[in-house]
Amino acid sequence: MLAGGVAGLLVAMGLMIVRLLRGPTAYDRVLAVNSFGTKTVLMIALMGFAVGRPDFLDVAIVYALINFISTIALMKVFRLRSLAEPLARLSISREAPDG
Amino acid sequence: MSPFAGAQFASPEVIQHAPALLIAAPLTAACVAALSPSARWAWFASLGGALVSLWMALCLAAEVARSGAVSYAVGGFAPPLGIELRLDDLSVFFCLLVSVMGVATSIASASLLRLELPERDHSLMQAGFMLAFTGLLGLTATGDAFNAFVFLEVSSIGTYALVAMGASQDRRALTAAFQYLVMGTIGATLFVIGVGLLYAVTGTLNMADMAERLAASSSDTAAIAGLALITVGLALKAAMFPLHAWLPGAYSAGPTMVVAFLAGTATKVSVYLLIRFLMDVAGGLESAGEGLLTWLIAPMAGIAAIVASVQAVFQTETRRILAYSSIAQIGYVLLGVTSGSVAGLTAALFLLFTHAMIKTVIFLSLGAIDHRGSRLETLAGAGREAPWTIAALALAILGLAGAPFTAGFLAKWRLLGALADDGRIWAVVAIAASSLTALVYCGRILETVLFRTRRPAGATISEASPAALAAIWFLAASSVWYGVDASALYDLARQAAASVMGASP
Amino acid sequence: MAEAIGWIGAVLVIAAVGLSIAGAVGVLRFPDVYTRIHAASITDTGAASLMTLGLLLMAGFSPAAIKLCIVWVFIMLTSPAAAHALAGAAFGSGHRPVLADPRQPSEDEA
Amino acid sequence: MSLLLASPELELVFSALLLTLVAGLVVALLAARSVLTCILLMSAFSLTMALWLMTMDAPDVAFTEASVGAGVSTMILLGAALSSTDVIPSLRPGRLWFPAVACLAAFIGMALIVPDLPVFGDPGSPPSAYVGRLYLEQTPHDIGAPNVVTAVLASYRGFDTLGETTVIFAAGVGVLLLLGGQVRSPDAAPEDVSLRASAGSPVLSVAARLLIPIICLYAFYVLAHGEFGAGGGFQAGVILAAALILHALVFGVRETMKALPVGVVRACAALGVLGYAAVGFLAILNGGRFLDYDALLSPVFEAGLPSSHLAGGHHHWGQRIGILAIETGVMLAVASTMTAIFYAFTGRVSRSDAAGAS
Amino acid sequence: MTLALVLTPYVYGLGFFMMAAGLLIALTSRHLIKRLIGLGVFQTSAGVFYILLSKVSGGTAAIRLEADSPAAEALASRLDAAYIAAHGVDGVVYSNPLPHVLILTAIVVGAATLAVGLAIIVRIRETYGTVDFEEISALEARALRDVREDEA
């Protein structure tokens, strides 16, 4: 039963990779990796129970954090072309249009 | 009888922990060097680390001479559970080689760094140098296959960045360092996959345990594949002939201190690992060990001796000539190793040690006389401005060419003798031809340095600093001494060869 | 009784996986970035909530249950924030959402 | 409950499926034409590899692969990719021919030895039946820590881990040598080229301000929990570094450098490795071998401590304290080295970008 | 057991394929960063090979469980008693922990190599202005030719 769930999540992750490869704009790719990461977190939680070792959830917590941090870094790279400057002043204005 | 028999260098408690202190001392020195605010303190730390490890190496040499192989279970757990530091005659031979070259380089390092790099980088350069030194010492001492991979990486990751720091003098250091990184990492990863295959067959990582279980193991193909991968990986690290492309660039563009230390030790320790795995660990698998040695390494070593020497003749930059000569010398050593006789291996180890001394003297003196420009012409008539340094350089170049009354001559003479006795005439011919071409480029260097006068403008040359001179002359004098009376070093080499060859009759 | 709770948990988990697959299909089929971000983040947080509830029923009172709640809190905190930042960045760099305007072809065909 | 469990065969099938997904990502990587797509694929590759490691019963390795692979490696890859061109020029087919044949020959050569390798999941294979089993049986008596992987990592093969921490420290020294020149002190940090910022969106800074303390606390939990569940010094160090990187990403590298200047970070890296070696030296001074944690506490002191319930009352306090001490040293070394590397990349790139932009 | 016999060549084959692919990218890619990524894949595939050796069918993670805990009983229920007696420790079958320890080291070594390699690439980009391998070798060849010309 849980194994069926794990197989379903695997399919969803495969679809995310298709979006990652096909994504026309860079933000589609960042979205694909972010969603891929969140689905991985769910997969870990589900697999922990399917394998009978529920104490694997520590790994799931780390996934959620790393996924968030790498999504912000990827987005900064595409948007501001630099990792160093503060994001708090993310500009909504329309200068610097780029892919 | 080893020259260290009966020598006593430290109290029994210290000797008991010598294997661990041998590696922990330079590691601590590296951390202290990184923490030290000024370049001077970093130099003192690296000098202290190098001297302590030389002291420990001497203690271990005495201990091994007295009571055979020393085994030290780190963490208090005996193998196969814990990691074992195992030093027999062969390991102690290479331990001494690495620590002697380390002390010499460390003594000369302060002035060499001052000539080439800004003040703020000195403490990190000393830390990187000490980490590479720790890695190489760890490689010679460890008795655990995976631990050897870890120390291989410790020694090489530090050196990639150190070689790249030569960019302040010559921008090609960056591309050379990148090539060195890619090739070195592929070599180390092939080595770890080979160890994985041996682990799959034997189930253990301790080399002595692995040797026993290999002898009894049924599945040979995986073990032979593992040994083959280890051989290719270490051949990449030792710059054996077809896989040597990274060495000339790294040796010609890196900072002098790093290149002098690398030329003396890095490729030599890889040769040690090759001997350890193919003769000691693969002892059981007669076919595999012998097969790889005779059909893979020997022909490549023969080609290396000739082709590398010929390429050295056509180079215009001083350090590139010496880099190709190093590749040829590795070819000679491997011809001796694969000769299959104790005399051959002894001559190879003797040649290895003398070559390490000679190359370190040459690179240290080239760097210490503070000449800008890498081309040979910029050294014309350096003998007048820096008589003492150039005298040592001349002595070493003579040794490199194998002129009589130098250790180089004695080493080649005995190697040719051993190979002739084993009936390997093609190897004798290869070495002889290669030595003749060596006369050509050594003669060219000597002629430029001593007799020629016209030098392109702006190539100023100054005498080396006292500390650098002391280190250079210590090594040059000992290389001459071993030319005259080679008994001490030769006995040490014979003990080392006997301990390995004895293991597999 | 415990068996029944276990089964309800399993059903919730299967529902969560179904929602996740629906979201994935949505991300593939939708015309432009903003609708895809919408599809992805809604279904991710929804599937996470359903999955956590289902597994909680199966885990009962154990350290694993506490960890499950921590995972749920983190996903609730990070996923919407990341989606918001992504949409802001996409908008800031000049991507216009595809409004229901027949004249403007959807991004995929352009 | 057992009805829902996956059968052992199903687990093997799942791990094979996930490995296929990983291999698929490698094929996509072969064909990728833009560096940023490569980095994204590398991030997905690390995540899927970590998932595969979970199905192979290796939670500690999955932990490290996810945090190091998907976390820190992606950061520094992005830092370097920012300064270089994005398009990957394709190789003229003429030059691709020889390496491709060589790699194919290597693949076929390796495939030939597969029949000689132990069967997948075979409990009687030499590795699993010999030393692996010894570790599982000896750990309660020698060390008493439930997590056998941490026991082997920190105590049985503690020398390997010392070498590993030295490798990370060597990488930190190398990167600081190559790129560290300019980021000497906070005021020398790159002046921020900020766009004409209208009302910036506070969502991310609020989320970050909420998350960073939790992540730091979680890092210390992973450090302390290393003996009982998945976790340990490396993972904790990387998570701590990830928290600092998050702070740098959201509030700017200059703010983080004010909190943790490069000099302090570099000193902490050296102190971490020194701490690890100091535990080894302390063991020697107490009469044991290098890194022998049983010798850390004098027997009189240890007798007074309560006995640990798990290992049948046998006193393991020397091992426990030794493992915790070296894991703290490893965490300090790894966290500060990763932070120093992140400073070196971001501090450097924005300067050349600024130079490029003006 | 037939499942294991089918899976064994397939799984090892995937591991060796990743090694060959990683090596191919590391040796042939013209973009220096992609070379390093190929190198990273090659190092990770060495880890895949080790972990493939460690898996014991029906085994669980090497974190010792109390023999009577509910998790241990649930795990034991799906295996027959003889298998557990032969290959289990205190009533629970575990996978081999040693390769996990080794691969923790290999992953950290891979990250360290990547960091140093990327630092060198940033410096190369600043001195040569490009990260394309063939452009760099062309630049160096031309520099060598200039030196020879002004010497003649």
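In this document, chain identifiers A, B, C, D and E correspond to the written order of the chains, with residue numbering beginning at 1 in each.
Simple rule for what comes next: a residue touches a chain if its C-beta (ideal position, glycine included) is under 8 Å from a C-beta of that chain, and two chains touch if they have at least 3 such contacts.
Just so it is clear, the structure is predicted and the values come from calculations on it, not from any experiment.
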item	value
Touching chain B and also chain E, the following chains	D
Any chain that touches chain E and chain A	D
Chain pair with the most C-beta contacts	D-E
Euclidean distance of C-alpha centroids - chain C vs chain D, Å	28
Chain centre separation (chain A, chain B; CA means) in Å	47
Length of the line joining the C-alpha centres of chain A and chain D, rounded to whole Å	19
Centre distance in Å when chain C and chain E are each reduced to the mean of their C-alpha atoms	31
Per-residue multi-chain contacts in chain D, two or more chains	1, 4-5, 11, 57, 59, 79, 81, 110, 117-118, 125, 127-128, 131-132, 135, 157, 160, 163-164, 167, 170-171, 174-175, 178, 201, 204, 211, 229-230, 345, 349
Multi-partner residues of chain E (at least 2 other chains)	19, 23, 27, 32, 53, 60-61, 63, 74-75, 98, 102, 105, 109, 112-113, 116, 119-121, 123
Sites on chain C at which at least two other chains make contact	10, 58, 78, 81, 85, 88
Inter-chain touch pairs (all)	A-C, A-D, A-E, B-D, B-E, C-D, D-E
Chain C to chain A touching residues, read off their complex	10, 13-14, 16-18, 20-21, 23-25, 27-28, 33, 36-37, 40-41, 44, 47-48, 51-52, 55, 58-59, 62-64, 67-68, 70-71, 74-75, 78-79, 81-83, 85-86, 88-95, 107-108
Touch list for chain D against partner chain A, complex	3-6, 10-11, 14, 17-18, 21, 24-25, 28, 36-37, 40-41, 43-44, 47-48, 50-51, 54-55, 57, 59, 62-63, 66-67, 70-71, 74-75, 78-79, 81-82, 190, 192-202, 204-205, 211, 215, 218, 222, 225, 229-231, 235, 239, 242, 245-246, 248-255, 345-347, 349-350, 353
Contact footprint of chain A on chain E as seen in their complex	60-61, 63, 71, 74-75
Chain D partner contacts - residues on chain C that touch it in the complex	2, 6, 10, 58, 77-78, 81, 84-85, 88
Residues of chain D that touch chain C when the two form their complex	1, 4, 201, 203-204, 207, 210-211
